[in-house]
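Both complexes below contain chain A, partnered by chain B and then by chain C.
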Partner chain A sequence: MRKRESSWGILSKLIITFSFIIVAAPLLWVLLASFKTGSDLNDPTLVTFTPTSENWKKVFSSGIFQSAGRSAFVGVITVAISIVLGSMGAYSISRYKTGKSLTRFGILAAQVLPPAVLVFPFLDLAYRLRLSDTLVAVIAAHLSFVLPVVTWFLIGFFDAAPKEVEEQALVDGLDRFAAFRKVVLPQVAPGMGAAAIFGFVLSWNDLFYALILAPGNAATLPVRIAGFNTFRGVELGAMCAAILVSVVPVLIASFFIQRRLVRGISGGAVKF
Partner chain B sequence: MAKVTFEKVVKKYGNVLAVDDLNLELEDGKFTVLVGPSGCGKTTTLRMIAGLEDVTSGIISIDKLDVTSLEPKDRDISMVFQNYALYAHLTVAENIIFPLLARGGKRVEAQGRLQEVAKMLNISHLLERKPKELSGGQQQRVAIGRAIARAPKVFLFDEPLSNLDAKLRVEMRTELLRLQRQLKTTTVYVTHDQEEAMTLSDVMIVMKDGKILQKGSPIDIYEYPNDTFVASFVGSPRMNLISGLCDRGLFTSESGIKSIVKNIGPKKTVLGIRPEEILLVPAVEADFMATIEIVELLGPRAIVTLQVASEHLTAIVNTSDMGSIQEGLEVGVKFRKDRTHLFDEKTQVRL
Partner chain C sequence: MSFRIRMILPLIATFVAAVGYPLFYSFYLSLTSYKITQRWDSHFVGLNQYRDVFANSDYWSAMKVTGLFVVIGVFLELSLGLAIALSLQRQKRFRDFTRSFLLSPMFITPIAVGLMFRFLLNQQLGAIPTILDKVGFSYDFFGSGNALFTMIMIDTWQWTPFMVLLILAGLESLSKQPFEAARVDGAKPFYTFRRITIPMLAPILTVAILIRSLDALKVFEYVYATTRGGPGIETQTIQYFTYQTGIQYYRLGNASAMAYLLLIIVMIIVVVLFKQIEKTRRL
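For the complex of A and B:
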């Protein structure tokens, strides 16, 4: 038995190592490519080369930080709205079984809808409301997928919060809404933190909605990155540098949420 | 301090009747214990007093005030839950003064009360800690502290001791009793543990299937159970219940158990006898003979299981009276005079 267990151990380590290489290799390649000259980039397997800072200079002067700022703004506003509405929605679904299983199903079903179905109605709407090429349009679009995910994510945390604590607060003299704010929310604070970071990453990474709703002056970071695909061809070096600017914050965020995310998912009701 | 009354209170969950036409008066300043097996409606009854469950029909009043449709916060009660329900994000001190502040009390005034309560419960040294840094017993004290911080009209306890280990449970039981005597606040306490109910209550209410089977002082219920359910539920080890025929003052079971009883019959009955009322006597004085199957020594007393044909009887014997008693021996048995209970076999009600 022992021997079999240890061979399982080795196998699982091999699988993890292999998966890690598959995930990490492209990132490494992007990192190297961001320091390559145009001619060096013609050989994708080249590992030793004389590094250049040209790509980074080009990226830094392209207004990428303004775009990053816009992405962060969109992310923060989207998440703030999602957390406020999502926590109340999730609480209601968890405690009062609002809409029974139809609500839960509906939230998930909305995720299955391809963005292409929604984006043109959004565009039409934004145009009529004179909101095209503004961040408001992007935030509204992002809410359409961040809010359901945040809500779904939080349901599990509310399920896990003991009902008695809330009832205790009612007996102790609070009304329902005060009990929710002062007693229930603190219990799910870790879940809200994880949901917030998760929602932020979703918004931060979105290209599709942002590209169609705000392709011009209000371009977010992914749109700016896509902009290196010019009519003269792909500026691969610069694009790689820009990709890194976009990836690093996500990596840092993932590092902080990974444990909570795993706990949330393994906790039961949270599935994507 | 207040009286709590139930008038024709019914609680249904869908089609399931949880509490069935409850008419009840809980007396001012008394310690009332609701006891019964799980699903008997005792917790639902308590939660209806708290306002945590809606009433399907009927009226609940506290201190003559109809509270049936009032929010929990407006009922002037406090409650202790089985899992203590402490606010994990607050310190012990903040937990205790929470009900005071929640009702618009001043923090400065609450401090004074906090010190009093902490002293009363011996938790003054824990005030700055968070609940998760406390042991189960300490958490329990904090929960009780929070309940008594205000002077509510009624205390409600929902199995508050069942998460504690046996030793602590007995200690806290005494402490609760002392507190209640001191504060003289009307208290309603729910438990499934009959021993807890016996030791704590001024008034004990035995419930089953949403109905009250018997209400009275613990000793009354112990000595005069209304039916076989109450008889076997209250007391440990349980009362022996034997089916048989009662004919003009003589009870006889199929297995040969005999006893002189009330002059009833002839009628099919169930005879009840408490383990401590079974006497082991020399054969000449015995009403019938039995074999000693098992002897369980408890210290000063022993539980003796007797076998009479296919029937088993549980007796409690003082260790000092045991003499030559040992497993496998045949002994004479007699029920103490006037200590037998008779129930109708069909209705299971006391005769």
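For the complex of A and C:
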């Protein structure tokens, strides 16, 4: 019995070590390449070389920070709208069964929609309203997928939250909206956090909508990074640096949100 | 107006504007010969676009490519995700650090992941083929016959963490009693895994497979970053094909019909799956 236990233990350590290498190696290699000169890049396995900061300078002066700022702006606005409208709607759906299963199904079905179905109307409308190549068009498009996901998460959290406290608040004389705001929302706060993070990541990572609706002056970070797609040796280093600009904040953020996310999801979000 | 209606109305209004309107408008577009370069010259063609799409062998090839991508990719991610989540659950030291690091790929912008692997797997300048070459093993990752599998591996690298996250969350929410009972009864680990862990995880595994499959159907970034559909049309996924038709050839009407047909097919699959899930739940 003991022996079998320990062989499982060894296997699980092996799995973790192996996955660690698989995740780390590509990132480290790109990091290395981002400090190489054009000619050093011709030898992919070169490990010792004189590092250059040229690639990073090129990327920093390419407007990548403005693009990151735009992505953050789009993400924050989209998530803010989704959280406010989503939590109110989800509460109504969860507590009062508003619209019965139709609303629940509608919200679920919206997540099934291929983006290719929605993007052309957005594009056409943006043209007509002279909003093409602006962030307004991108935010509207991002709402189409962030809003359903966030609402879906929140319905799960409201379903799981106990009803007694809120009933007590109503008895104590709070009106229903005040009870919702002051008593119910704090109960689902961890779940809201997880839903907000998820929504933000979805918006932050989107290339498809942003590339079609705002390919030029209002380029978001993914669009800007896609612009570094090149195979000329000289610019390969810059491409690597650009990749890392998007990776580094994510690595830092995932360290802080990981535990909250695991707990938030096991708290009841992912259920039918 | 009652409280519950007032609470849900803003959501529904936004939902109709951001999802309902484009949904109906794209259906209308799919019935016209709309081209964004010749907007004044758009006329109603009824179901002709759909007939064209049905007869387009590239469309069905893209469907097949996407289908293979989804099925193989999600299967790999699920198997690896289970193994990694179970290992992580046992881990005691460096727990937070390992978890956040192993989960991080799913937060990286997919286009960056695509470009990263385009670079690493490149035949001349990539590290991986060069190393393989030195040990006497030559493999062209983006060559004919291999490119789709490479695409699947990229997807697996990025999205196995998502499976790990959901399964880990599921494992932590399971009640401990059945495991205690199994341990007391002297059940072997594999037996516990097959008879207790898997059945208890089944609901969350279903959700994970469903979310991941629907997401994998939308694959676009890796194709855009690496092969642009090639060699030939071997890696041309449905999302990429629709993008090309609509954006590069400006044929919005045609592209909308493609997207709509995809939507109908996906809806049928989802409804059938749902029925299946309902059935197994009642048993």
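By definition in this document, the second predicted complex is superposed on the first by the 251 of 272 C-alpha atoms of A that agree within 3 Å, B and C clash if a C-alpha of one lies under 4 Å from a C-alpha of the other, contacts with A are read in each partner's own complex, and residues count from 1 in each chain.
Following the convention adopted for this analysis, contacts are C-beta pairs under 8 Å (C-beta built on N, C-alpha and C of every residue); 3 or more make two chains touch, one makes a residue touch a chain.
Since the model is a prediction, treat every value here as computed from it, not as a measurement.
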Chain C versus chain B on the shared chain A, clash or fit after superposition: fit
Which superposed partner A:121 touches (first chain B, second chain C, both, neither): second
Touched partner set for A:45, first chain B, second chain C, both or neither: second
Chain C versus chain B, contacts on chain A by residue: C
Partner chain(s) touched by A:57 [first = chain B, second = chain C, both, neither]: neither
Contacts of A:181 with chain B and chain C, given as first, second, both or neither: neither
Contacts of A:15 with chain B and chain C, given as first, second, both or neither: second
Shortest CA-CA distance in Å separating chain B from chain C in the superposed model: 11
Contact set on chain A toward chain B in their complex: 162, 164-165, 167-175, 178, 183, 186-187, 189
Residue numbers on chain C that touch chain A, as the complex places them: 3-5, 7-8, 10-12, 14-15, 17-19, 21-23, 25-26, 29, 34, 36, 80, 83-84, 86-88, 90-91, 96-105, 107-112, 115-120, 122, 125-127, 130-131, 134, 157, 165-166, 168-170, 172-173, 186, 188-189, 203-204, 207-208, 214, 217-218, 220-221, 224-225, 238-239, 242-243, 246-247, 252, 255-256, 258-260, 262-263, 266-267, 270, 277
Chain B to chain A touching residues, read off their complex: 50-52, 71-73, 75, 77-79, 81-83, 85-89, 98-99, 102-103, 146, 156
Partner chain C, residues of chain A touching it in the complex: 1, 4-5, 8-9, 11-13, 15-16, 19-20, 22-24, 26-27, 29-30, 33, 41-42, 44-45, 81, 85-86, 88-93, 95-96, 98-99, 103, 106-107, 109-125, 127, 140-141, 143-144, 147-148, 151, 176-177, 180, 201, 204-205, 207-208, 211-212, 221-222, 225-226, 228-229, 231, 233, 236, 239-240, 242-243, 246-247, 250-251, 253-256, 258-259, 261-263, 265-267, 270-272
